[in-house]
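Should a chain be cited, it is by its letter among A, B and C, assigned in written order, with residues numbered from 1 in that chain.
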Amino acid sequence: MTSWMKKCLVVAASAAMTVGMTAIASADDVTLEFQQWWGVELPDGALQEIVDGFTQESGVAIELLSNPYADTKTQVAAGAATGTMADVVGLDGSWVYDFAKQEAIANLSELMEADGYDDSQLSDQIKYEGSTYMIPVVNFAYPLYVNLDILEEAGVEEIPTTWTEFMDACAKISENTDYAAYCIPLNTEAPNGIQNQFSSWLWASGGSLLKDGKPGLTDNELLANLVDYFKEMKENGYLSDGVEAMHEQDMVNEFENGRLAFMVDGISHLTTIKKESPDLNFTYAPMPKADDYDGKSGLDVACWGIGIAENCEHKEEAMAFIEYMMSPEVNAKLSQLANAFPGNSTAEPDYSENDELFLKAFEIFQDGYAINEFTGAPTAEDLMRSMNEQLILYFDGDTASVDDMLAATQEAWEAAYN
Amino acid sequence: MNAKLKKKLTPYGYLLPTIILMMILLVIPIVMVIDYSLYDNVIANKNPVFVGLSNYAAVLKDSAFWTAVGHTLFFVIVSIAAHMIIGMVFALILNTRYLSTRTKGIFRAIYALPWMFTASVIAITWRMLLDPNGVLNYFILLFHLSPEKVTFLASRDIALQSVTLINIWSGYPFYMISILAGLQGISPDLYEAAALDGADAVHSFTGVTIPQLRPILISLIMLDFVWTLQQFALIWMTTGGGPVNATETVSTWIYKQGFTKFQYSMASTGAVILLIVCTIIGIFYVRHQKAEE
Amino acid sequence: MIGKQKKSVKALIIVLLILGAIWAGFPVLWMLSNSFKSNAEIFEFPPKLVTANFSFEAYAKIFQNPEQVRFFINSYAISAIVVVLTLFIGIMASYAFSRFEFRGKGLINTLIVAVQAVPPITLLIPYLSLIVTLKLFNTYWALVLTYLVFTLPYCILMVTGYLNTMPRALDEAVMIDGGSRWTALWKILIPSAIPGLISVGMYTFMQAWNEYLFALTLTKTNDMRTVPVGINLLMGQHAYEWNQMMAMSVLGSLPILVLFLFFQKYFIAGMTAGAVK
């Protein structure tokens, strides 16, 4: 054997040993990995404190894997494809259908039944083929943010409550100030502007994107009116410059810098906006409704959902952890910290330390009902993306009429629902 | 006999670690991707059905795929041409005798700066620069270059050009450094001979510099072609392929098929097509190397 | 007459020099400037290079956060291991290509070059399965081996070119003196190839330091994360920590800049030696 061969062997052997050691080190008592983006959004250390409570109670260690929303999504998708998902995962309502279909996340109905868990206390459960796969832990409402200083400068005296009033306000803002009136972020990478800044208007006037659980975009008068309403805003220059490349964060930056009069956004943003722009004079208002609508308003909600990986080896402990997160006290605490509404209907968060604006949002929330038709929809992000594309094509005049635009979107959606 | 055998095996011994690595970590995944592309869908579908080449037919009939191919070609060709021109100009400047060594050193480092950043950082920085309320638009309004703010990444007419611009910025330093290295390797005698023949600056550039650099330039173009073709992060993090499909390239198309439509077989099919194209380029590259030797 | 022409050439060069510096340097300058601003100031219009709240807070936050410091340690460790292994394995392979004739040489060479052409994103899913099967998921080795696969071909191409320029008489002299091929390679050839190796090593380091997609998907816990993933960690679902992101980008690029400044002479000399060909 030549000397270099020996050297190679040594290198190879030491490499193998290192690899072996890491493998041994990971076999341990029960530790559950909990992958989510919540830790990044909450105050530093807050989520750790909450899960430590579970460890004290049960002896099961929780390892937090906190990553930003977009990275969490990539990781969960990759984990779903290869069976490396963390034991317990934070889920967005729009992911559930696909991961449940791939059998990457576990059937929670079965686990709850096995554990004798009373699910009547849960305000909502996200289902696939009749079984629950995700439980919303906390909910975020998306009310209308209003910059009062811009309204004053523009000479708008009342916060608009109807579509007509809103359009009039936009006209005044555009005429009397240098600012944009409204914004819908339409970047293709994250097409959720369709959900939060567009569909929220539809839901607020009692409208729907679906008919009997299937896409119902055509023969939908309210939706057609809304599309034209947005086109009018775009053509009159009421929207922020460059909405087609904006992310939700860019919209918030515009609002924070006092360049945007209205935006629809999650109340979870409240803390950051207050911190970044302490002088900004803004408030919350209910979404404007279609002029002839006087029923209850659907309020767009997003949620932090929770689920269990199918590849999790300790499903019982994982279920116990979810039950802990959903227990009234813990759920209330989390809601209070996150500026959110609890997923357990018996939880009573103490919001007395939250911002007074938050309480206003809470009132708006209680006046209406929560809705989000993209939750649990198949390839939800892709649905938003195809509508996003069709909307821009219509804005740009590439599509002749609103009916053509909706028909094209309907076609794309039907393919996903089959 | 034994010594002879040993002699025969020695080169393989030297190659062994490389071969093992490549076999396990590259050949296996490639075979898996090819396999995926032959089923109706994998991963999302627990019982995949073998469909032969029908995914390939579907992809090649998909007009969205061909749009992506068109954008990719624009992106790649313009990037390469601009990389080449900018890299050449900078290298020539840094190689003149008019500047002191220290000046050259400082500017060499400045010009190489774009090379030091990872794609996500480049994407974020340029998103801020190109924002309608960003610094570039500030200058555009200040100098009245346009009556209103330019929405670089948001307009379907110029989004592709804007993304290409970002890629040009991030990629030219490799050319600059390589060409600079090449320039310093050209013997001064050649220029003197050209000068004796009465060649002016332009003629000595076309008559001496370009022919001498030719092998380097061809290598650079081939490598860059392959690298630019793969560019994903930069596009995904600036426009996500939009508005509509204005900046959709083959790599963003593949990503969307896999990670938002969960059509892993279609994504794999796109991947294999890209792989075949790249391999053909790779073979040309090797041929070219051989011809140079 | 000639003096005048010279002057105008010089003026032209200086103009180009400055324009080039703006083109190359302005985005970086802007990044640097933003790292000293508060988050809201970053999007002020008209934009300012230096703002009222100029502070080092973003940098301080990064250094105070052990998790973020860990990203740097991981990146250094992984990049350094990749450089060492790439050079070691790459040099051996290059030696074979440069000094031996053997069956399959052309084929193996073609494959190694073609490998450069494989778009990494296309292999993501099967590659991830493979790493999981090998039980390397969420370890340094997952990233080290991955980066090796993508850095080795370039290394082999460059070093083979470099060794080809060295006369065979050098190694033969060693073997006549009773030394082995191994000694000839490491004691004689390699020391005189240092500039070339530094250039390859730097390139390798940059590839490993900057990679994002695999670093994100092949690791799971924050103690295995690298700097590019760490930068993205500052993008929340709702709020970006822009100034910290910029500060981390500046810090993340610093090691490469320092390496470049230190080694740029070698770097360019290494490429001159016919290596790029």
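Basically, a contact is a pair of C-beta atoms (placed from the backbone, for glycine too) under 8 Å apart; a residue touches a chain by one contact, two chains touch by 3 or more.
Values in this document were obtained by computation on a predicted structure and should not be read as measured data.
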Farthest chain (mean CA position) relative to chain B: A
A-C against B-C, pair bridged by the larger set of C-beta contacts: B-C
Chain centre separation (chain A, chain C; CA means) in Å: 37
Interchain centroid distance [CA atoms averaged], chain B/chain C, Å: 15
Shared interface positions of chain C, touching two or more other chains: 42-43, 45, 92, 124-125, 129, 232
Residues within chain B bordering two or more other chains: 17, 43, 131, 133, 264
Touching two or more other chains - residue numbers and ranges from chain A: 2, 4, 74, 81, 254, 257, 259
Touching residues on chain B, where the partner in the complex is chain C: 8, 10-12, 14-15, 17-19, 21-22, 24-26, 28-30, 32-33, 36, 43, 89-90, 93, 96, 98-99, 105, 107-121, 124-126, 128-129, 131, 133-135, 138, 169, 173, 177-178, 180-182, 184-185, 215-216, 219-220, 223, 226, 229-230, 232-233, 251, 254-255, 258, 264, 267-268, 270-272, 274-275, 278-279, 281-283, 285-286, 289, 292-293
Chain B residues within the chain A interface of the complex: 13, 16-17, 43-44, 46, 127, 131-133, 149, 151-156, 159, 236-245, 256, 259-262, 264
Footprint of chain A on chain C - complex, ascending: 38-40, 42-45, 88, 92, 124-125, 128-129, 132, 135-137, 139, 141, 180, 182, 216-217, 220-222, 229, 232-240
For the chain A and chain B complex, residues of the former touching the latter: 2, 4-5, 8, 74, 77, 80-81, 98, 101-103, 186-190, 240-246, 250, 254, 257, 259, 379, 381-382, 385, 388-389, 392-393, 396
Touch list for chain C against partner chain B, complex: 9-10, 13, 16-17, 20-21, 23-25, 27-28, 30-31, 34, 42-43, 45-47, 89-90, 92-93, 95-96, 99-100, 102, 105-106, 108-127, 129-130, 145-146, 148-149, 152, 156-157, 164, 181, 206, 209-213, 227-228, 231-232, 242, 245-246, 249, 252-253, 256-257, 260-261, 264, 267-274, 276-277
